[in-house]
Amino acid sequence: MNPAVQGLITIIVGVGGCVAYFYFSNQFLDKVIFPSTGKNAGRNISRANMVRPWLFLFPAMFALGLYLAYPVVETLRLSLTDRDAGGAFVGLANYNQMFSEPKFWEALTNNFLWLLVVPAFSTAFGLLAAQLTDRLAWGNIAKSLIFMPMAISFVGAAVIFRLIYVARPDDQAQIGVLNAVWLQFDGGSGSFIMLKLLPGLILLCFALLCAYVAYVVVKPYFEGGKTGGLFMQLFRLIFLVGGLFLAFTSLRSVLNLFGAELPYGEPQQWLTIPFFNNFFLMIVLVWIQTGFAMVILSAALRGIPEETIEAAIVDGANPFEVFFKIKVPQIMGTIVVVWTTITLVVLKVFDIVFAMTNGQWETQVLANYMFDKLFRANDWGVGSASAIIIMLLVSPILIWNVYTARKEMR
Amino acid sequence: MAAIAGTKSSLTWAVQLSTIALVLLWVFPTLGLLVSSFRTVDQINSSGWWASLTAAEQNVVFRSADPGENRVAEGADGATFVVSGNVFGEEASDTTISVWGTSSRAIDTYQAGETADLGDGETITLQANGDYEWRGNDEQLSGRGQRMFATITAPPDFTLDNYEQVLLSGDSTDGMTKAFFNTLTVTIPATIIPIVVAAFAAYALAWMDFPGRALLIAMVVALLVVPLQLALIPLLRLHLGIGIGKGYLGVWLAHTGFGLPLAIYLLRNYMVGLPKDIIENAKVDGATDFQIFTKIILPLSFPALASFAIFQFLWTWNDLLVAKVFLIDATGETTVMTNQIVELLGTRGGNWEILATAAFVSIAVPLVVFFAMQKYLVRGLLAGSVK
Amino acid sequence: MASLLLKDVAKSYGKVEVLKNIDLDIKTGELIVFVGPSGCGKSTLLRMIAGLESITGGEFQIDGERMNEVPPSKRGIAMVFQSYALYPHMTVYDNMSFALKIAKMPKDEIDQRVQKAANILQLGEYLERLPKALSGGQRQRVAIGRSIVRDPKVYLFDEPLSNLDAALRVDTRIEIAQLKEDMPNSTMIYVTHDQVEAMTLATRIVVLNNITHTIGQVGTPLELYEKPRNTFVAQFIGSPKMNLLSAKIVSGGPSTTIKLDHGEQVTLPIDSGDASPGDTVSFGIRPEDFVVAQEGDPVIYSGEALFSEKLGEVTVVYLKPAAPGEPSIIAKIPGIAHVKKGDALNLTGVIDKMHLFNAAGDSFLYQ
């Protein structure tokens, strides 16, 4: 059968079936099981109304249960069994095997790198774009264009960025923008400023920022201020450790940068340079997700009461103080939402890595590692185990979301 | 904030310029792909795509027509001959010659329009538009045509050949036509069916009172973030076990299942916001829940339905993972565009004219949908992010 | 401790003029109230003084210094917004100290000032709370406190009471009046659409006209009530509004005799100025200045009761004219008057409380 015809039939059967199900099940309920006539009419109507919600819910709940809830349990079970041994229970053997593979640890560390970089940069760029376009006459056009990558598939974006990163032999014209720009640097003072001084300064600023964040979260302990409950204390600890780690890492990078001999004049295969190639992949996701962050944050910025901004101006705040002390704190909740949403995308990122490097040159991430295990190595046990790891990483956000959603409903 | 007294215009300028820079940075990558898809293989390989937007200078070698057949006797004595023509051939062209020469070592000896003296009365003149005249005696104008080394300025030149190859004449590896229709076949049912299923559930969760409602909503929120990676193996096993196997039915079901949490969440949030009075009024008028749903809620929920439809459309159109797991079998007959492009990256990674065109074909439809329905997409995003 | 001077100030958005010919001299220690119907530009004028809206024409000075291009924070003003504009993420203390921190004031002094303002406004126990944990009246006081700590030259209030319920509004109004008494040297500008607020608070009121976009009149509350400069101010101040009847001048001089449409002649102790007999004028009388006519009194209005509202201390009667062509009017009769629908009433008035306006609507008093 022609797939198009099959598709059409599926639409008709699917949609028609759903509507018919809802209609006839309601009719059946009202006319046959609990008829709303006769001596028990009143009791029957209230009984029918108790059953009806479940009629409405059943197809969706069935599909959700089968396609999302059941797999969680089933994957957990699979991760504890061995396929080759006929599904025998093997305890944590799959996990042990996975933990012994360097590729898994590479994927995990890369994933953490992604988790740090992509949400941070997407949110920061999104916030920047939202603020810049806020009062611009052509702001909507600008937003549209920055938002556009949202519509592009990860695979399409991978092609787009491979065209940017492509390298040609030394004696041919470079057709990748990055190499074309790279070859403009000849090791002179211009190169020093652009490639060492400027990035060095940026990294230094970043290090200072991280150190400052770390300082801010522990400040209340020195000054005897309120430090919050256990949850907040834990939160502070995470930020302290994270901030100091990032500050230390970026300071070390500055030193490395100034010590490094950069291969000027040679076209680079960007995607094969270990460690840095991760960032070249992340740029793709940042490029896509910035638009999302911008749209949400832009709406949040619009929602800030105009008068608080005017009050701050009257109070003498300059545009930067207005932005950082008045606007950003007021949309902090939205920033957290954007951040967590992008974090979820990052945890599931698969297509970009699959299409650009397929995990080679130390760019593996968990989702692609899992796909590798499932469909190349055919090892369902380890594959399931790695899926469970992804699930574990997602679960804090899951719990947080459920918590806030429930709080909101009350 | 221009109205506020004492604001510096330098800041306004800084904002304008940074916005322009940011927008250019974001558009640049896509533009590269678009421009490359309109260039020939030679153009792509000889220069970066950004060079094609402006008139390009290049050095080329021309040879005049063969004197043996084309020379024309001139003058009273018939001893001198002339060969004339245009180096660019018959076609009208915007290409112009700036400087030229007669030897490869000195290609900028003459300006266009000047006459080169080749010795013993032999001359050649080359005009900016490519017209040349080569004069000399019988002996001089013989053998092969005269060579001319010229620097030409060619205007931007684009071609539709790549699209023709990818869409019309492509074979099974290059062609996107089949993959395009396969993607469409996957996308449309996978967009419509979850909407219907979710709409009913969302109504129940929004406007019907029953024990366990809050719990179900919390469950939907939880399932919203469950990575679909977890579902791959169990569901593939399930599909293989009940005989669906790999195919369209499987991928439709999978997309429906994976799209449901967002659909229910979005629609419920929207429906809860509808005015309560309308629904209660309808109940007082004697409408059943089924009638309230179809006659009042569904029409009023159109914006939310549209939002989700766009999401699901973009998501299924751009999806690679679900298609790879549930749809594409060993024969590759049911390949979708994302998969086709990944395979092209493997087999024809250097053929940028094919890659760029194929990629652009695959992103064209989402881009059109995006620009046409952006309003609904934004609205959906705002409603869909868990607050 | 500042005087303000507005010289021919104007505001337009593109071609739309919102305010023009605004001349105003505000002295130290005054509490000036801007009133006017909605759309008259009173808030815009306040925001221009604050610097939140640019001034598109004329000059604005504080203490003799041109302020047109000076940013809001450098003008020495503090503003209380209609919605209070408290920073929702900051505690009351931080809200009040924000401007001082921005100005890099020493910590001790900030603390001292905030505590002092908190004492005045009885906010001491709320300093560590977020605005969302405060009641409407408390938020209002925080907003005022935020101004006080800055010790500005000029206080600006933009309809500060309109978000409060009726009872709280009266209390807060009295608090503001007391605040003003405690700070006799501070200059305040207050915008409201509520006449009662204007009349009770102001040292002088500025009435803005929403049709001509100019100042209708500047004066003390009683001046505006007793001697309105034109029909716009006459009808805006006072409730229910002043009745206007058309009439013709019979004879002029230091006192003017006019003839009303229904034929009655009245002589008013108003100088006719350069008006000559035969000129059409508007004769104004406030509802509360009507008296039921006795035998021999000149009948200013004779009509038929349409409807009456007995408010206790006064009865408001809506009348339609006996003679066609005259307008319907409203009269306030002291005490409880038993007026039924359809009753014929002859009304006269207190002669020295009547108003006379020329055809252009300007009062004869100011010619």
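Just so it is clear, A, B and C label the chains in written order, and each chain counts residues from 1 on its own.
Just so it is clear, a residue touches a chain if its C-beta (ideal position, glycine included) is under 8 Å from a C-beta of that chain, and two chains touch if they have at least 3 such contacts.
Here the structure is a predicted model, which means the values were calculated and not measured.
Set against the Cα centre of chain A, the chain with the most distant centre is C.
Averaging Cα coordinates per chain and for the whole protein, the chain whose average falls nearest the overall one is A. Chain B and chain C have CA centres that are 63 Å apart.
The mean-CA centres of chain A and chain B are about 24 angstrom from one another, to the nearest whole unit.
Centroids of chain A and chain C (each the mean of its C-alpha atoms) stand 57 Å apart. Multi-chain contact residues of chain A, defined as those touching 2 or more other chains: 313.
Under the contact definition stated at the top, the residues of chain C that touch 2 or more other chains are 51-52, 71-72, 74. Shared interface positions of chain B, i.e. residues touching 2 or more other chains, are given as 2, 4. The residues of chain C lying in touch with chain B in their complex are 51-55, 67-72, 74. For chain B in complex with chain A, the touching residues are 1-2, 4, 11, 15-16, 18-19, 22-23, 26-30, 32-33, 36, 44-50, 181-182, 184-185, 188-189, 192-193, 196-198, 200-201, 203-205, 208-210, 213-214, 216-235, 238, 248-249, 252-254, 256-258, 260-261, 264, 288-290, 293, 314, 317-321, 324-325, 334, 338, 341-342, 345, 349, 352, 355-356, 358-359, 362-363, 366-367, 369-371, 374, 377-378, 381-382, 385-387. On the chain B side of its complex with chain C, the touching residues are 2-7. Contacts from chain C toward chain A in the complex involve residues 50-52, 71-74, 77-79, 81-90, 98-99, 102-103, 146, 150. Only residues 305, 307-308, 310-317, 321, 325-326, 329-330, 332 of chain A touch chain C when the two sit together in their complex.
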